[in-house]
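The following block contains the structure, expressed as structure tokens.
To keep things simple, chains are lettered A, B and C as they appear, and every chain counts its residues starting from 1.
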């Protein structure tokens, strides 16, 4: 057995109220793809930030090639051959590819030389990229290439990848894996962070599993079943949601020829969308992030006005109606961004209950607020959806991601919608909360509501959706029943090949 | 009324003088905003610079030393803004207003014994032969050093932002402080330096009013120039060369309306005097039509959590 | 190393504590400032904060407290609605001037007619004038997305020039022997904003200020519009999702603050100031910004802050006369107060901790 490249011993990091990492130890060998597996909140990010010099451990030590390693800042980590591809937050939209890459290097060459290097590396690893394009105009997959190339230009010994496939189509995932295998064959070690078990089984040589900040086990992924890994990760055996056989009713919501410009500068415009969802049906809308998901939700919630006939609710044109008028008619929505969009972080849960509940729950009378009724509604949500919080007077930002998400979904579900639209209902939520949310959506559909679930998690859509359509660059594919779809077909739908092409794969 | 009394050559020469305070303050604010910070305290930093420069110039007899003092004065005041926004994470709009109110009071207090005093004159460039050339001479070759310094500063800021690594990092911090932080850049330190630079520039701009343009000290003498400089940065879409263009445009309007007043145009003085402000509003309206090219993180509070 | 740590919840204790602490710190540093100016700091602070209310001539100064406090509170209440929603009207001074011009203009136009309806009409004209002046930035923001901070501020300078033009031209007293300034409204019974009870300083503006406080309190704590204002300030995107119409909110907030500032101007010009003159405005529109923040944008807080700020105005004048303290020192003193307040506000949302050195 070769000596480890990086050896972690007893790493501990505590934040007020939570121990993010508790005595974590493991080794990464040269040329090894090592998986770091765990749920959201298991402490993966903190661990990685310690390796990358963004966070200093409270105790424990790291050895790099047998020498003590304690980077005080990312620059020091990079100098020692550690590179990191972030999940988000590390690209500058208004700058071009070459400038973005230069920012991640210690001594970048002059721009012209750098551009040449970028071209050559991108060809070598099969990641085509134009150095002079503005990053804000790139697709999610292309943006990730920028980050990867930024890392590769520094000839890293260890490449850290944080949830790299969450923004990719299945086909793009295959390309990424080719690149990573090529790197591995050249002797680069990779620390691969994910909660997607099948990917880890396909790619990784070793896996370390974290739960609640602790190292709870290690395994060789190719020799371990996904189910076993999942149980190590979650700690209990999981319930899959029950879907009872349902009959679909009349069309509840219909979109016809719907187009919309994006309100944000680097957003995606929606182009000629047709969709019809029946009562009792769960429509899953997949697609890579940034292909018009936010815009679709805004168009349905009423935040972006449309021509009247473009959206019909039970046959009634509602395109021009605002959010509250749509709520009154039974069309409710829950956006992806919990803090700042679905909820106001600094306001109490009572106030956040009022945020969307005022119309249907009768929380106002004559323009005046009925605080006791609002508080009662908030308490209902907290109780019915098992939201862990001291009470409705607490600020939304004090809740964990999963609890706030339960609150946000619960707030809409309890208002008995005719049609409910949710975007990324379980993003960043622990497995137990995710299961509860999915079950609530299915129960709602069983009572006859039409549900549109926009999600980037294909497993989630396969689990709960009756029909599936994909968003690609603002266009929506024709919906197909999920039961008859293969993962390859889904990939093609997400990649933008619609209808005919799928038929002769 | 006698419009022929207006000499176009002198008009252009005095336009450059009138534009310099706005130019200095705006180019400083441009750097601050490029770093993602909105400092509405330009007016306050200018007026403090105006009195610092004036007082030191009077006491030392050297306008040049006065300008250095003005830069230091402006920077020291902007340090208060740093404390509020970068350390105490206060709202930048409110903090900028506080800076302006504070600066106006402070300058009035400092300037009490300087009212009515005449500052030492600033030597103008005088190259025998060249400065005496018709038309070109008075326009290009017979100003004071600070005016040329202002022009050089615009060129320098442009070059630094476009071609250097420091400029790239500054722009990156202004685009996304989270991303810059993740890459290991010291967001607060970089922003602090940008704010201090902006304060120094505004201070010099203020001193140019009290030492060259007017030249004397009166309370509140910056009279909104700092706010016009802020508008100018928007006008310029955060581009240094357009700051120069805008400053000369506003300088031109100011000088023209003064000349019209002197020439006795049949429009009441007050309406001529309000024209620079009205035109600023008009320009803002026209420019807000186009897509914003503001730094994405402008005015947002950065707190490195965990 | 000192580290800021975000609190899970804003601290209630500090929300009330910071203004008090800011006032104390301002007294300490203000005292140091006065000492640096060669004045006895204890004397100066006592003269400013104590003498107007409890001193020998308090009977004269106490009414002044209402006279100075009313416009500050009236304007600050209007501003606070906008500030809460992230709409920055900093041109209240201009709206104040235009309100005064419009209101006084009505009276001067019908002079010397005496009628019971004249003063109510003047109040309406004043409010309308301030409202219209504030609608310029509001309309430009809604229609073109123009920055309201810069536009409203630029309009202060425009209003000042208009005031000068009016005081020297259209509204000049025809019997004034060519001196600038309008007729004195204090000598025009129907147009005079007289004291309701003689010797108390209590004029109609004070009543309106109190009504504004109550109105704003009810609006913010009990009404949907108030909730929408708070929501827009706290999370603009969530507000849009909740069905708030941002354009409407901008028009309402700027319009209300403009109307209140215009009314304050009218009460001042028809009462304590008496006439339209080049410098009848003394910066209440800017000081009201400090009042709004010092009162934590809360109506009751603003009432208290307005009183405190009026105290520093009056105390400052006394200190000027008795101790020779320069007028600018008081401006600086007020600016300092805003500084400390903003700086200490961090304690409401963050905890300060000492921690071992931390990377990043």
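Of note:
Just so we're on the same page, a residue touches a chain if its C-beta (ideal position, glycine included) is under 8 Å from a C-beta of that chain, and two chains touch if they have at least 3 such contacts.
Just so it is clear, the model here is predicted, and its values are computed rather than measured.
When chain pairs are compared by contacting C-beta pairs, B-C ranks highest. Taking the CA centroid of chain B as reference, the farthest chain centroid is that of A.
Inter-chain spacing, taken between the CA centroids of chain B and chain C, is 28 Å. The geometric centre of chain A is 45 Å away from that of chain B, both derived from CA atoms. Mean C-alpha position of chain A lies 47 Å from that of chain C.
For chain A, residues that reach two or more other chains under the stated contact definition are 53-55, 73-74. In chain B, the residues that reach two or more other chains under the touch definition are 184. For chain C, residues that reach two or more other chains under the stated contact definition are 360.
By the touch rule above, chain A contacts chain B in their complex via residues 15, 46, 49, 53-55, 73-75, 78, 86, 89-95, 99, 102-104, 108, 265.
By the touch rule above, chain C contacts chain B in their complex via residues 4, 6, 83, 88, 90, 136, 140, 144-147, 149-151, 153-158, 161-162, 164-165, 168-169, 286, 289-290, 293, 326-336, 338-339, 342-346, 349-350, 360.
For chain B in complex with chain C, the touching residues are 40, 80, 83-84, 88-91, 93-95, 97-98, 101-106, 108-109, 112, 181, 184, 219, 223-224, 227-228, 230-231, 234, 268, 270-271, 273-274, 277-278, 280-281, 284-285, 288-289, 303-305.
The touching residues of chain B, when paired with chain A in their complex, are 165, 168-169, 171-172, 175-176, 178-180, 182-185, 291-293, 295-296, 306. Those residues of chain C that touch chain A in the shared complex are 5, 8-10, 222-225, 227, 230-231, 234-235, 237-243, 245, 357-360.
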